[in-house]
Every structure is written in structure tokens, then in C-alpha cells.
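Heads up, the next two complexes both have subunit A, just with different partners, subunit B and then subunit C.
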Partner chain A sequence: MAKQYEIPVGAQHISLLEPLHFKFTTENEKIVGTTANLFYVHRGIEKACCSKFKFRQVSFVVGRVCGLCSISHATAYSQVAEKLIKIEIPRRAKYLRMLVIELDRIHSHLLCLSHVAENSGFEALFMRTMQYREPFMELLEAVCGNRIQYDFSIVGGVARDLKSAVSRMILERLKRFKPQLDELVDIYQNNWSLSLKNKGAGAITKEDAMRLNVVGPFARAAGLEIDVRNETEDLLPWKETGFKIVTETAGDAYARNLLRLREINVSMHIIENIINGLPESALITETKAFPDGEAVARLEAPRGELFYYAKGNKTQILERLKIKAPTFSNIPAMVEGFRENEYGSVPAIIASYDPCLSCTAR
Partner chain B sequence: MRRIETSIESVKTDIGHFYRADQHHFSVMNAVDLGEKIEVQWFFCDYAQPYETIAFCAQITPDVEIPSIRDIVSSAWVAEAELVDLADIKIEGTPKGFVLETDSEIGPLRKKK
Partner chain C sequence: MKTFFKAIGNLFRKPVTIKYPFEKTYIPDDYRGMIGFNENLCIWCRRCELACPPGAIVFSQNMEGRQTYHYNKAVCIFCDECIRTCPKEGALFQTNQPATFALKKDNINNGWNHLFEEAIESRAIYAAEKKRLAAERTAGVKKAVEENNHKT
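For the complex of A and B:
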């Protein structure tokens, strides 16, 4: 048996964007074991939401759980709160929520792709991908008023309407982005040395994805058809917008790259359909009801299934709020996905997992 | 959300009979402090229609050790480790210290007496 070495990576490391710590056991260059510590930033947000804030304020608090998928948290919470106070939100508000969720998904996927490129040693592709992401940050600012932490979804509806000038701006930028997306697909798919680094890296099978209850692009890249947009027609009418689930089969970093690029294409299609068919209605349903009973809401965030459980007690303060972020579900598969890989592939694999520890530790 | 009421003695058997890895997705575990008792919940969703969210719910007293479901749902160790730290409940074979440091406030999600 080759001599084994333990190599710590993180909590602060040049290839990590988030405070996570892995300890790899290696034989020569091959990883034979991994342990993980992912909870350096626990902020007690669930506790705060059930003690310090009134239920209508909580959508603003959970919007701070994560900078990247702020809209997903605020929307999932708003949905669960709306179930507790038993209201239906206006149709236009539903479509505007979906619009911002998809814009957010595009910028989040591009950020992930750029980091995979960077961690694979492709600085130029990192810069190019970030350059193409920037217009989407500007669009989010134009729609919501903020580049991140949008405060757009609120209990009962949305906080802002979509101006016609902003609608035109979105369509124009999507048109400009289409050839840029084709260019990215060509590079991520066909660049020989990038493929060499990403093919087979951090691979999991569909059976492993099922066994380990993996969610989001991580699961879909392994061929597992799981996407909350496919399931929750009662809350947001995804299928009316042309949503189609995307899967790959290889389950490695390369397949995750391609899957995210294909999902960006689907998101663009959804956004165009929403803008072209945006219904007229109020933006918010007013009510003075207090939350009562218990409910769950699930939403497909850029990294996968976001799960909210809330319990009300007919007062302004919730009895319990539970948040389960997508990365939380993916921890077991993240740990197993390193096995039998070369230690040199670790940075690219971590980036391809697209972990969000801010959400996970909350 | 469909609740399935169970007890601490039968929860593992009930989940064992219900769970099929190719049909059900394990989402998360949760604990709600009811005062004298704690309700522990195990959430599952379907991979195919009807896409229902199913919650197995068991009420326990804080001193009781809950059976682990890791031998049925291998990824459940993360959810179990989180509840041990945040809700200060005992789960078979799950030490404290995965989510919170061992010198942190004990069970921050429990209500103050």
C-alpha cells in the first residue's frame, strides 16, 4: 500500500471562495478519503426570524441569507408565508418573481462557470465569462433596484413593477448575449485542455445521485431528473413559460458545465416568454391575516431545491422557520465525489459543485 | 404537505417501509419546540408525480435518543448532525460539533424556559 498523506484545504485557500474546510487523504496523487467542515459562518438566521422579526419583515431577512440567490430565499419564504395566511398573489407578481429568479439563475450559473474556468487554470476564460455576466447584474439592478439582495419578493406579491423601458433593455441584452452564449458553449465543450481537466473530474453516477439525495445541476448533470420547476405549478406557473428540464449523463465537472450552459438557454427562453406575455394585474394582495398552521414551500434556486418550512401561531412572530439550502443536500455527494480523483483536480471540482456556504450555514 | 404521525419507537420501521431511493428524495429533518415536547420531522418528496411533500412526525421528550435513519437514507447524517447541534436533541451515533463549536450556546433553536 502506498504511503498515505493528509492534506488540508481551507478554511482559507486560494481556490476557495467560501469558508469551507476539506481534509483529503491521498495515496500519491490519488484521493482515497475526504472529510468536510462547512459550518464556519452560522449566523442564527432561523432563530432571528422566529424571535426578532415580524413575519412580514422576514422576507427581507432571508434575502440576506445569500447574496447570489437572494431572490430564491425571499420568494420561497414569501410562498410559505402566503400559505400560512391563505392568500393567492396576483398573476403579474408570479410572473415577475419568475423573471427575476431566471435572471438570477443566469448570473449565478455564469459565475460558477467562470470559477470552474479559473480553477482549471483559464484566467482568460474566467474574465470573458465574468464580462458576459455583468450585463445581467445591471439588468437585475434595473429591475429590482439592487445588484444583489433584491428585496423584490415580499409577502403578498412583489415590491416593484417592471417598466417598459426595462423590458426592452432585457430583450435587447438577451439578443446581444445569444452569440456570446454560443461562444461560451463552444469553448467549454470543445476546448481540448479544458475538457481534459474537467472530463471525469468529480464524477458521480445517477445511482449515487439518487442514493445521496443530490439536488440541482449537480444531480441533473448525472442524469437525475429533479427540478422543482417541474413540480410546483400551484405556486409559480413554470410550464406556461416554456420551462423544460435539462439533463446530462456523465455526472462530471464537464457535464455540469454543459448543463449550466444549456440551462442558461432555457432561462433566456423563459424570460423572453414572460416579457412578451406579462399579464396585467395588481402587484400585491393585501391582507391583515396572521400566519396560522404549518406549511412548506420548495423552489428551484440556481443550486437546486430550496426548502422552507414555517409554522405560525396567529401572532406576528413565527413559531418556527426552517431553511434547507441546496448545498446542504449536496454535502454527502460533494465528499464522495472526490474519491479516486487526482488531488490536482480538487479546485476545479469544488468550483463545479458550486457550493454556497452562506446559504448552508445561514 | 402530507403528515404521517409516527412514534419514536416505530419511526425507523415506518421510514424503512416507505422510502425507496429511486422514488423518494430525502429533503431534510426539522425540530419544533412545543414546550414540554419536541416534534421531530423527516421530510421526503417524490421524484415523479404527484410530487408530494411527506413529513414523518414524531413527538419526543428532550432526554430521549432518536434512532438514526442513516442505514436507510445514507445522506441523512448531515441533517441529523445539524439537529443535534441546533435543537439539542440526541440522535443515535451522532456527536455534537458539526454545525456549532462544542462551546457554543446549547440548542439555540430551543425555547428559553
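For the complex of A and C:
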């Protein structure tokens, strides 16, 4: 048996985007054991939501849980609060929520892809992917009024309407993005030097994914058909908008890249359908009821299933709010995925997991 | 080979990035910028203060009962909740001006916390004073009635 070394990565490391810490036990270059510690950024948001803020203000607070999936958090909370105060939101508000969620998914996936390229040592591809991401940030700014903190979903509906000029802009940008996406697919699929770092790296089998309860693109890349958009119809009508589940089989970083690119394609299809068939109705349902009882809501964030639980006691302030972010479910599989890999491919693997620690630690 | 020609071609293409402080970035017309306030239209109901999630709006009150609007651009999260709650259209409105940076000399955190507390306190003092005056007035009325009764 070769001599074993322990190598820590994080909590601050040049290739990490987020404050997470892994301790690798290696034999020569091969990783044989991993321990993870991911809770460096606890901010006490759940407690603040149950003590300081009124339930209508909480949707702005949870929007700041995460910068990349701000809209997913705000929407999931709004859905929970709407269940608690027992209202049905207008149809147009549902479709506008879906539109922003899908735009958000595109920019989040492009960010993840660019970081995989960067951490694999392909700086030019990183720049190119970020270049193609910028128009989507501008679209989100045009739709929501802000680049990152959207504050679009509020309890009872959505905050802003979609202007016709903006919807034309979205369609035009999507049309321009299609050849660019094909170019990205070509590079991520066929580039030989990128495949050296990504093929077989961080692979996880379907059985392991099932056993370790993986969610999101991580699970779908391993072949599991897990997608909240495929399972629920009561809160947001995904299937009407042409949603189709996509899966890959390999379960490695390469498969995750391709899966994300294919999901961007599906998202673009959904956005086009939503804009072409946007129903006319009010934007918000007004009510003066107070939250009462318990409710849960599930939503497919860019990284996987987001879960909200809330309990009300007929006052302005909630009794309990629980947020379970997708990365939290993926931690055991993240540890498992490093096994039998080279230490040198760790940055690329971490980036391909797409961890979101500010969601997880809240 | 394809990549090589692409790289050569990129030498003659315009850069994608912009020179930020000299060129302006993209800002839509309805960008969520600073909140404007029209004092003439305000009905002083203080609903915006109750609705504001971070507490960036506060009203102080002087002894004559006149209220003053205070707004902190550094605390504001530009969520528009105040505008949605406002019962009087046009009293609070959205501008597309991004907030300017808060400087150290503005003393934005401590100064604002101090101002916030003072404003709440000023309202409490005014309310107490009003209550006292009202009590005095009722006492005076009562006294007058009693005197009146006594006379008759």
C-alpha cells in the first residue's frame, strides 16, 4: 500500500467559488477518502424570517438567500404562503413566474458551464460562455428591473408585468443565442483537451445516485428521471409549456455539461412557448388573510429540488420556515463522486457539481 | 485549424467588453432605482414605513404635528413594496436612477439607526403630548360642565 497523504481544499481556495472545505485522503495522485464541511456561511435567515419580518416581507428576504436562484426561492416561498392564506394566483402571474425561472435557469447553467471550463484550465471557453451569458443577464434586468435580486414573485402574484417591447427583445435574443448554443455544444462535446479533464471525472452510478438521494442535473446526468417540473402540475403548469425531461447516462462531469446544455435548449423552448401564449389576466390576488396551518412547496431550482415548509399561527409573523436547498441533498453524493479520481481534476469536479453554499447554509 | 482561423479573425473583431466608467452599461427604462417622494401628494398614512422590509423609510414628527419623510438609499433594497402599498398614486414613485454610493462621511449605518430611533421617539412624544392635551381639554370641559351644573 502506498503512503497516504491528507490534502485540504478550502474553505478558501483559488479554484473554489464558494466557501466549502474538503479534506482528501490520497494515495499518490488517487483520492481514496473524502470528508466535507460545507457550513461556513450561516446567516440565520430562517430565524430572521420567523421573528423580524412579516410574512409578506419574507419573500424579499428569502430572495436574498442565493444570488443565482433568487427567483426560485422567492417563488417557492410565495407558493407556500399562498397555500397558508388559501388563495389562487392569477394565470398570467403563473406564466410570468415560469418565464423568469427559466431565464434564470439558462444564466445559472451557463455560469456553471463556464466555471467547469475555467477550472479545467480552458480559460478561453470560460470567457466565451460568459460572453453568451451576458445577454440573459440584461434580459432579466429588462424583465425584473435588476440583474440579480429580482424581487419578482411576491405573495399573491408577481410584482411587474411583461412589456411587449421586452417580450420582443427576449424572442430576438433567443434567436441570436441558438447558433451560439450550438457552438457551445460542439466545443463541450468534441473538444479533446476538455474531454481529458471531464470524461470519467466525478462519475457516479445510477444506483449510487438513487441510494444517496441526488437531485437536479447531478441526478439526471446519472440517468435518474428526477425533476419537480415533471412531477407536479398543481402550482405551475409546466407540461403545458412544452417541458420535456432530459437525461444522460454516464454521470460524470462531461455528461453533466452536456445535460446542462440540453436543458438550456428545453428552457429556451419553454420561454418561447410562454411568450407566444401568454394569457391575459390580473397580476396579483389581493387578500387580507393571515397565514394559518402548515404547507409545503417544491420547485425545480437550477440546481435541483427546492423545498419550503412553513407554519403559520394567524399572526403577521410565521411560526416556522424551513428551507431545504438542492445542494444540501447532494452533499453525500458529492463526497462519493471524488472516489478513485485524480487529485488534479478536483477543481473541475467541484465546479461540475455546481454547489450553492449560500443556499445550503442559509 | 478551424480554431486557428477563428483566433486570427478575433484579432480584428470589436471587443465584447465595455470600458465601464467611461461608457454606460445597459439600464432599462423601468430599472428599479431610487424611490422618489412627492410631498404635496402624500397623505401621511405611514403605510410605506410598515411595509418596507429593510426599514429604509421612516417618518418623524415635530410638535406641531407636521411629519417629515426620511429615506435611506443605502438600506433600501428597491423592491417597490412601498409603491405597491401606497394608497395615493404618485406620492411614492420609481426612478431609474441607480443609487449612488454611500460614503463614510454620510455615516449611513449609525446615523440612520440613530435617526430611525429619534423619528419613532418624536412620534411617541407627539402622541403623548396630544393625549395629554386631549385629557386636559376633556378635564376642562368636564370642569366647565360641572361648574355649569353647579350654577344651575
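One rule holds in what follows: the second predicted complex is superposed on the first by the 362 of 362 C-alpha atoms of A that agree within 3 Å, B and C clash if a C-alpha of one lies under 4 Å from a C-alpha of the other, contacts with A are read in each partner's own complex, and residues count from 1 in each chain.
One rule holds for everything that comes next: a contact is a pair of C-beta atoms (placed from the backbone, for glycine too) under 8 Å apart; a residue touches a chain by one contact, two chains touch by 3 or more.
This structure is a prediction, so every number in the text was calculated from the model and none was measured.
The superposition on subunit A brings subunit B alongside subunit C with room for both.
Once chain A of one complex is fitted onto chain A of the other, the partner contacts of A:E225 are limited to subunit B, with no touch recorded for subunit C.
In the superposition on chain A, A:V346 contacts neither subunit B nor subunit C.
When the shared chain is aligned, subunit B comes close enough to touch A:E294, but subunit C does not. Applying the stated contact rule after C-alpha superposition, one finds that A:A159 touches subunit C and leaves subunit B untouched. Looking at the shared chain after the overlay, A:A361 reaches subunit B, while subunit C stays out of its contact range.
Looking at the shared chain after the overlay, A:I101 reaches neither subunit B nor subunit C.
Once the two structures are superposed, subunit B and subunit C can be ranked by residues of subunit A touched, with B on top.
By the document's definition of touching, neither partner reaches A:I270: not subunit B, not subunit C. Aligning both complexes on chain A leaves subunit B and subunit C separated at their closest CA atoms by 21 Å. Listed in rising order, the residues of subunit A touching subunit B in the complex are 37, 39, 42, 44, 46-47, 210-213, 215, 224-226, 230-232, 294-296, 298, 305, 307, 309, 311, 319-320, 322, 324, 328-329, 331-333, 361.
The touching residues of subunit A, counted against subunit C in their complex, run 53, 56-57, 60-61, 64, 131, 134, 138, 141-142, 144-146, 149, 151, 154, 159-160, 163, 166. Contacts from subunit C toward subunit A in the complex involve residues 16, 26-28, 30-32, 51, 53, 77-81, 84. Contact residues of subunit B toward subunit A in the complex are 1, 21-22, 25-28, 30, 32-33, 41, 43, 45, 47, 51, 53, 55, 73-75, 77-79, 82, 86, 98-100, 108-109.
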